[in-house]
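Next come two complexes built around chain A: one with chain B, the other with chain C.
Then we have the complex of A and B:
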């Protein structure tokens, strides 16, 4: 019996991935091209979502921003989930001492509430892509490591693992064939929800001026750029806001439905 | 109780050491001349000279060997010396105390307001699981959880300050200036506390002792009040402490958005200016507060739940 991923969630994920890849390609205008004769124009036939304070097309910027906001979120979650899976498997496999080391490290990171660690790293090391990714990665891996450790530990105690061991399969084959798939299935909904969180974190860092910097069309940085002109152009500010909201909402609905449907498969 | 205390204390100390090392590493790994940057921050970019930078280097002890500086740095922190702001020259403790007051006001107001929203909504939702109120509250929570707090804030500013013109958009002079930031924080927090309250109520109402209370003739409300409420409170209290992490994300962003002079605003401004002593102090204060709030929640749960007390004692 195979567990098919829920269709709605898969569709949403595909749509979001497509947006991240195609966004910049379908952008009607140059997202960085300024036109100082047309600043803060209201939405019209030429600029569907209006222009910003230096005359750039807002629609193009929102579309071109997708790979930054989404791509970096996916990248940071992928990195964190990989590190977490690896360390979780190590912890589950290396006895009390190994587990203690990994879990104390995780505790240490979790003692920094919320965005603080990413904020500090990103800010102290001067903003930009790398410090931000490093900060998000550092802040997010413990969640995945704990989950991977718990799942791997319980799987390693199960009958089919025992049977494989008795049949003489080496430990790494057991980890690869029996433990890893189970761990990944547990982590998948977490990672989808985590991507939504990462998008919000990246946007928050951009908004604070500590993440990606203007003129990069990252959604959070765009919002903080446009905020002083809120009274003149609500639509222009609302556009990147709506992009963030729609993406995060889609991801959290997909994550929830996947979490609900992927009950651990019982004995086949 | 002692174990909870020791655990949280260890957490606080580990946070302090990690934070101090991180800050120290950041100062010395950064590209560029720190002394020059500090001097530039003090007198302005155009008027900075090499002499000014040299003076800063001597004053701040930036010319000593690295190991010595690290030892000095850690020893200073162990003694509770936070130093002076590189930018304003005022003692860090003074700066922190000044800004913390505003953040505590905002945090307390937002947190209380979030429960003014979440408790009734969670209760009515939990009393009729699957009903239309439950589904509406659930939808509201999912939508709010998908909105970063600055988006909530921008939305509120657009409606109440720019549209209706009944509240000031930013600043901090009067009580009215608190309303929008506190409401923003409250809505961001309520996104997570509504489902927690709701689930706690559903679970407490499903317990056998509540069925028994109904069987002996108590009404639904009385039975819940006498037998369910305290049980339902346990996950809510634990969560209220966990929520502190969200308060931190919230206040950093919300204070920047509303130009509200709290700790978050101070932290962001010092990060931009690379004012490491202040960054360090603010980070320490936040980490310590986090450990304390968690400790308070641990103790409160022990008090609420006698079963756990018996487990913890022997």
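Then we have the complex of A and C:
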């Protein structure tokens, strides 16, 4: 079976990545510059997406917010995926006792609703980037650990691993050359889907005032700031919402097509 | 008498326009059979898939397919062909266990195939299944039972043409006999059979026509008895000569005083199960070939794993060159590389998706002084492999090439003993013969000892110096 190349999704994801890198540079105005004479101005020639409640240009803030929202999401997913991969490989390779320890730890964390842990940590340490990252990391690693463990366990039973053991390859080389590539292939689509979720979580924490501190232009915080003024400025609230929606959609689509193509193509 | 199935000028091309199957025509009369044999990868299964309208996307079929009482259909008309299923055409697929829903009861699966009420019991009885077997789930069936359920489906639906794709693949002789019985029952029932196989015995025991497919063309076609007795094409002759019973036997002498591998009082049991084998003694001299045979599920593979030090026996000892290795990793380590295994699945020893050259180069980490650049060409020559093949990925090789490549990999490790676990059961007879001849050549040239695990007694008779037969373990269904 041939899988259609995921052109649309990849293009969208590339556009958003470019936005994240270049967003702050192409922002037409200072995202932090207030102009109290022009609060809640509707979209016009000067402010394409209008201004917010303290007169900042919304388009500039959405553009400047991209690296924060997307960057933090990628960072938290990268951290959790690394931890998960490491612990998953340890679990798969260290016998029943080692697996039990890692998996019960994962169960313990999974017992909490995802955002609650991040909320707890952020709340405990008074908000900010580091507690938020730590919380997201803590909440997300078990997913990757479980997946890595399952993939590694089944790979370790395959003939090429047995053949490598018989040839006398040390265990770490087997893990590195035979198991890790397969694990990364299954985790990649999961991580991309996870990035979409992380953006939502960061936005949610920002919305609750526990993420990045104002006046940093972060999409979630922007929605939270502008929500009381929804009646006066629909476009201003809709802009960061649309940014989150488009990013999550692009990443989900890219993740789905990657998941479809991560199976090695079979001959016949 | 009209033909139950007629295929006219069937051609199958891949996406690039290369002909995979070229100009195939045949007709099967009512109650008749056609057996199609040929090497692995010659396009046998494609013919069956094309008849069912199931060709993978990208492949194109041309030609006409006519079933009795229907208008001729274009081979490219997948939807039209699919509409003929059940009423006219029934497939008995390669892996019977995979063709049934594991979590659905047999009775319900038969009902979904269109069998109603009492007809289900009649169909089950016809294939020697009990009424209560109908209440079992798919996962509870053994491979043999699953196959019988599929044949029961074919019997019950009344489809006049039954297509069986490699129905005896990887079955032991006893089960092959059962399958032949089942197929004959279909014939007695007045069905027409189209059987694809590379199993010698199956091809010889079905009446009717025999066609030989080679390189996408039918090179020979006639009454089965005639083709078997006097094949006219070169490939046909090679195929008939590949019967191990026809191989020249060779008496060899090996040094009985020096043992490469031995075992004493070996027993193995899975926890809570009766032992697979008990009190087994075996001796493998240097340069000797020891055969192990027995039906599926008798513990042949497990015995191989125990001898390789991969599994601990419940009792007894395994000695590598006189040294006991059971539970002694320190004794295994210095000799690890010298005791090797050839897998049943030919490409199993290679990492999927990684070019073979890289996998060979990695061997220098475990074989001191191994230089793939220098050693590989000679190794490939000896195994009659084209040098360009090492730049492919394992899944891009044919079964025979992959098995020879696996043998090259094992030889690169400079082994003392090779445990070959059914190394040719997935290969067609001609390739099987070539592979076995190469294995024997290497064994003789280098004084390697081999434990050959197989359920083909005639193969072991000509290849092995000595054969140990394991009995079916208690509690394993046939």
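Here is the rule we use: the second predicted complex is superposed on the first by the 250 of 268 C-alpha atoms of A that agree within 3 Å, B and C clash if a C-alpha of one lies under 4 Å from a C-alpha of the other, contacts with A are read in each partner's own complex, and residues count from 1 in each chain.
In this text, contacts are C-beta pairs under 8 Å (C-beta built on N, C-alpha and C of every residue); 3 or more make two chains touch, one makes a residue touch a chain.
Here the structure is a predicted model, which means the values were calculated and not measured.
With both structures placed on the common chain, the touch criterion links A:123 to chain B but leaves chain C unconnected. Within the superposed three-chain model, A:48 lies out of touch with both chain B and chain C [touch as defined at top]. Residue contacts after overlaying the shared chain place A:249 against chain B, while chain C stays out of touching range. In the superposition on chain A, A:178 makes contact with chain C only, while chain B stays out of contact range. Judged by the number of chain A residues each one touches, B leads among chain B and chain C. In the superposition on chain A, A:229 makes contact with neither chain B nor chain C.
In the superposed model, A:160 makes contact with chain C only, not with chain B.
In the superposed model, A:168 makes contact with chain C only, not with chain B. Residue ranges of chain A in contact with chain B, taken from their complex: 107-108, 111-116, 119-121, 123-126, 196, 200, 203-204, 207-210, 220, 223, 227, 230-231, 234, 237, 241, 244-245, 248-249, 252-253, 256.
Taken in their complex, chain C has these residues touching chain A: 45, 56-58, 308, 310, 333, 336-337, 339-341, 343, 345, 348-353, 362-363, 365-366, 395-396, 409, 413. The touching residues of chain B, when paired with chain A in their complex, are 11-12, 14-15, 18-19, 22-23, 26, 29-31, 142-143, 145-151, 154-155, 157-158, 162, 244-246, 248-249, 252-253, 256-257, 267-268, 271-272, 274, 276, 279, 283, 286-287, 290-291.
Residues 1-2, 158-160, 162-163, 165-169, 173, 177-178, 264, 266-268 of chain A are the ones touching chain C in the complex.
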